[in-house]
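Below, subunit A partners subunit B and then partners subunit C, in two separate complexes.
Right, the complex of A and B next:
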């Protein structure tokens, strides 16, 4: 939905960019915070894809994770808690020429923004969506989140969380129209990068749940998984991610999973331990909402004027002798 | 329209009147058509309004909507239909009680009687089929009601609508409304040819045969009235020499949205705003616009903000409950200085309140809404025509000042129809194409002008302008602010933009003399009724004037000077204010109406208020009565 003049300005060249061209400021996350790994992965992606910084928008909600756009030398929209997705949808609808990325926390996406999450999956608008799931509210200082494991002690659950954790993967895969679902962990940067890249290349709503460590509030929580690589189930497939020989040697627990198989994807999604990592599901044929709603015509003054007049005609009382 | 489809009688025949009838000339009449919902009284009323408008009469139509979707048949609370005020001159509001009612059953009629919506000597044309109803209770109820109404002084004429329609169609429930339309065309000496044209327009999408049947019913009603009724009226009409548009306020808002160049409207269904989105969903497609039905109002508002942020100003439309949900997101747009047009078609509140009823309860919420200091522009159209132009103005202000502009319409404007001159599209209504040029070295996204508070917005796509907008307090580079002065600087800039806009506004014109005993101030949809009351009082020699505010935030200059010319100032509004005569109420605790509170705070003038929240448009006669009382208080009746 751009006018003629803007359309002409869409340049087709792509500059070469260095990593620094996408980096801004010094991240204010805690040392060892998993958000740093996610930032590094998206910066690398931008560089490798040669994304033009002015044509790239990172949208976020509120939380530690939502600070990410501030550290990107691209356009960014640090929104309000829970509403990153509808903000990003608006951006995408008005500007299909922009690459849109979304970064959200687990409270952001799965609690306050849960309704938007479900519907964003349905809309299937083309955007790369990262759920930074540290299973805790980081910014507001350690309250339980919907993805906190049962029994987790937090400031709002001093006796331990009483509910089972919500599983973002099964929820996403349960929504009609889901088109790309993947899971990554922050401590395997190469795989994280591959998954972000696969998500970026998928046209549609590409959802990645990233298991993200919060050393500030849950310092040891993921240690068992870090220490025992067999507790990570690597999903290896030519339509998903490929493990290099080095990683394959460490992560021996592998499954050849075809991401077009939704039934197996749902089974894998329900597996909590080992943690599945890779592309669980992709379906390239789900239409994007912005394409369904797209109108090819340039919105010139002439088009609008004519359309308006045609509408006026429906309601006009003409003076005598000038009936339409 | 397809003229060939509608056979015309020779004009002379349609104008023919039986010699025994005298045609009474009227300056105006308020007419109601009411039925169970689904019997088409609304369509009949709207058509009548359109025909009268085509004749050149002044018209104002008001929908009569039952609160439930499907109230039981023949129920007192189930009246569905239309009230049409037809005048010889311009009509600016729905007027007072009804002069003539066509009712399809006696129960819906009772509802209107109980609501005191009929004049004491109102003429009633009542479907008579119930007198012979097979259910003895129905027949008894009908007869009893009939007798009571006659005894109460109403002039009731029984009409065998069912019987007459049955001669033409098998399911008369679906045709009675056009029979009634024919009846009314005869009664008010309206052109039958125009009525046939109107049917062709109304049923334009339907089959030829549907149009033909409805025309036959219309003609039958017309003929029956000519033959059987001994009274007939004429309201002189002067056909305008300019084309007129006949739409309701919501359609006008939607047309204004198209005309403003806005490309995206994000919404979630809510009465009474929805019909604007219904119409826009259809019409927007013509010009490549998108109506996005979001999952809720928060999403709709955020979607519009995202769209505005990255491109041209977008719009979100809602009503009370949805408006509350949008508040946090509105604050974000204010803070990040993203242009946005929000339409709030006010309804009765709080909570679910009175979804279909008029109220002006959201003014303070709108001005002070969201949290913290969130300055935004608030404008309130007062006519159907202003609903159209309000969107164009709002879009322009939003993009010039990078502000949120709220349009406060209401359930009176939304469903009322009033003709206005057909606008001529101007290219200047549209926003210029998106600026995608490189940003000069060193330019920042919030370089607030120290005097006006304005800054140039840098939208995505502009090389060199990359930054992250945020709802956190931020400096000129949009970096999150930790410095105590920066928060102050941002608040100051956002506030100054209102003052800068205010400097461009003109003093509101006075209706009546610039000096006198009493000045009435109003806003929004009450304008027509207030001015009608003031005009009537002025004709009787009272020194009353009125002033109507379109800009509520910022308020235009000149208000204090205008008030100084009067001994007393009173606001008339459709929101709550405590009654000073209530035992508990005194000066120290009386809650005043919204506008009175705002004006008192700004101008330190002892402004009175009078308000009514009955879910109905305030009637001119009610206002006259109130103004007489206020004059008494001045000591100069």
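Right, the complex of A and C next:
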């Protein structure tokens, strides 16, 4: 393929970014927090993909996980509780040239932001969405979240959580237009990186639930899975992720799962033990909302002014004899 | 049976007794069915549709009417509408055949107005309202090729214009934004009047703008846009907004856009040369603007590159974004020098689309035929030119290839025979199609963008029966006793000549009662060189005004011309991979070799008495992670979750690798205690402290006990 002068020049002088170019500050998370692993994975992805910091944006809501944009030397938007997705959709719609990442916690996404989450799946806008699921409200010091397991004692459920936990995977796979659903665990960094990378390369709403540990409030909860590799079901496929020999030797519980099979994906998603890890489902043919609503018109001040005027006019009480 | 001597003399020399019959008013028997062409559904006329894609820009009238009738008929009386639609289609076809011009909606409306049947009028209006496509309707004739090709070219160019204008507006918008952002940092923008203007009239009295100006002036940050950059951006904006290559509603200099349609190749070439520098300047401005809009223009790096930009002319996508000139020339008006210049232009790779049309194939000793055929063949040799040889009757069938020719980035040459202006007996469509069937002007396409080899690029597949020398036609007739008979007649060069009234003298129609035994079909004479007068008199089947069938003896010189025509066709066919002699020879050779092998006695495969030891393949072993001796401390780095726990204990002892995963950078940089504490604190238990280096370390016994849990 031939390229124009601009493209050639950009390639000629494209800057090579190092990991440090994406790092900012020292994370304030607790030692051993899974957020650190997720941060390391996305920084590595940015470097490996050569993402330009000024063309990359991380959007978050509220919670421990939502501090992630602070530690990225890219654009970031630390939003309000449960509203990371609408903010990211707005960014995506108005700045299609940016790579958009979203980081949410389980309370942020699955409780107060649940409605946005459902519709964001249906809109299938091109973004990489990471649900940091530690199954507890950590920032506010141990309240039960929608994904807290039944029986979990917390400050809001001193007698133990009475409801079954919400399963973010089955919910996502149940929504029309779901196009990429994966699950990772924070304690297998190489697989986490591969999944984030696969999600980034999928054009559409790439949803990753990352099971992570909260060393402060639920320090032992994930130990059984952490210490027993057979309780992790590795999904291996050429259209998903491939296990290297080192990991394959440790994680022997594997299944060859074709991510185009949504029925099997739903079955796997329902499995709580062993924890499935890998790409459960992907469908590259689902259209993206921003493509369906693409408008070639430039968003000039005049155009925006005209649109606003038209909207305001709908609610204007006009003086008698002077209607719109 | 008559005395054959005069026929022999005629066949040999063309001499004929005065008053002997000629083929005046006669036609080849293959055309017997086409007395009233507009009454027959065929793929012409075409509707030149205003589409955004070249692939959808040309549709046949029948196709549009059928699609419309299906659409409109779904909500109305479908059966009646379908019948009326056919009548409307025929009426429109007759109108355009009679050279009536107009868009399809207009022609349907006129048809409706001329009818006195209210039902028919109602159907026509419903059809008109629901037309799936509209545009100028053009039939075969002198105007078709130029109109159709120009339409395809304009459609392709409109796409380019859309893309350029979109790019230019986007870049201008963003560069304007840079300048606007810079402006707010200037003193002018902080002046009281500027502040007043920015607030608006509603609150004009609410502020003390002089004080406000002093406040903002004292806290303002200096502009980040240097003077040089501002000048550069203003220059880029002026160049982009003042460009004349594309229709430009926002042209700042008031100059009209350049013209790209020409009727002479030289004029087109001159225009291309004169605008070359202007194109380089604009292309450079677009490239620089792209970098500027991204904030990535680096004077140190880019100034030298852009100083040398375009010295060798534009290439690739930078050139392809510009309009390509379109030239339509008549072959008759073209001089030999002009033809040579045309080939020079094409050979130089100048992106230009040229249509050369002839309206007369056989006149002036076949000059029209030679001009288009020779030009097309000469352009083939250049290798980089999209070449199409076609006739008006095949343009619709070849529309996809023609669309590609107009949309392709390089030069294209379209050589066309229009079928002439037509005669009452032979419509231009028939004359054009006859030229194809006769192999006088075979249609072909050479598409240099289709692949790297000749097979991918060159095709003669659009010719009827490309595998045969001549196209056979069956016909039926009645003998005097009303007995029904059938016959077969090829349609070739001689039949094409018979279609042209100027050559009526070259044929002597012989009534059945006067036929002589020596008369043989002309095709036999082409296949057998020994079939020559006086023993063999070539004839072709002709019909007169009343469809009476004649065997018409042909002058021998036409046989020689027909043989030359057949040779040219065979050559093209070989190039097109049909009946290719190289392939035939290769296949024959393979068959012979196969035959020989199949007759050889079969021998069992030899068995080695002392078979060699089979090569031993080392089993593939999975690489195992290096496990250092238990004396040395180590970290299972691939499992590190970057929790910062260990590096917080000792930054020199523990460090992160390129993937931000921990490893032991220097085991001597800390104590055994730190190693043990790091192992205990590691949430994924991947730190192995090893053995202590310093046997005198305080509390060593307890530490060793704690370390035992980590291997």
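Basically, the second predicted complex is superposed on the first by the 282 of 324 C-alpha atoms of A that agree within 3 Å, B and C clash if a C-alpha of one lies under 4 Å from a C-alpha of the other, contacts with A are read in each partner's own complex, and residues count from 1 in each chain.
Keep in mind that, in the parts below, a residue touches a chain if its C-beta (ideal position, glycine included) is under 8 Å from a C-beta of that chain, and two chains touch if they have at least 3 such contacts.
This structure is a prediction, so every number in the text was calculated from the model and none was measured.
Applying the stated contact rule after C-alpha superposition, one finds that A:72 touches subunit B and leaves subunit C untouched.
If you count the residues of subunit A touched by subunit B and by subunit C, you find the higher number for B. In the overlay built on the shared chain, the residue A:257 is in contact with neither subunit B nor subunit C. With both structures placed on the common chain, the touch criterion links A:293 to subunit B but leaves subunit C unconnected.
Judged by the touch definition given at the top, the superposed model places A:119 against subunit B, while subunit C stays out of reach. Legend: residue contacts after superposition of the two complexes on their common chain; A:310 is shown touching subunit B, with no touch to subunit C.
Comparing the two interfaces of subunit A, the one with subunit B and the one with subunit C have residues 2-6, 9, 54 in common. On the subunit B side of its complex with subunit A, the touching residues are 1, 50, 53-54, 201, 239-247, 251, 255, 258-259, 261, 263-264, 266, 283, 285-288, 290, 292, 294-296, 298-312, 314, 328-329, 332, 336, 419, 422-423, 425, 427, 430, 433-434, 436-437, 460-472, 479-480.
Taken together, the subunit A residues at the contact with subunit B in this complex read 1-6, 9, 25, 52-55, 57-59, 62, 69-70, 72-80, 83, 85-95, 97-98, 115-116, 118-119, 293, 295, 297, 299, 301, 303-305, 307-312, 314-320, 322, 324.
By the touch rule above, subunit C contacts subunit A in their complex via residues 166, 169-170, 173, 283-284, 286-287, 290-291, 295-296, 298, 301-302, 305, 309, 315-318, 321, 622-625, 638-645, 648, 658-661, 681, 683-684. Remark: subunit A residues 2-6, 9-10, 13, 19, 26-27, 31-34, 36-37, 39-40, 43-44, 54, 186-190, 193, 213, 215, 226, 245-249, 296, 298, 300 touch subunit C in the complex.
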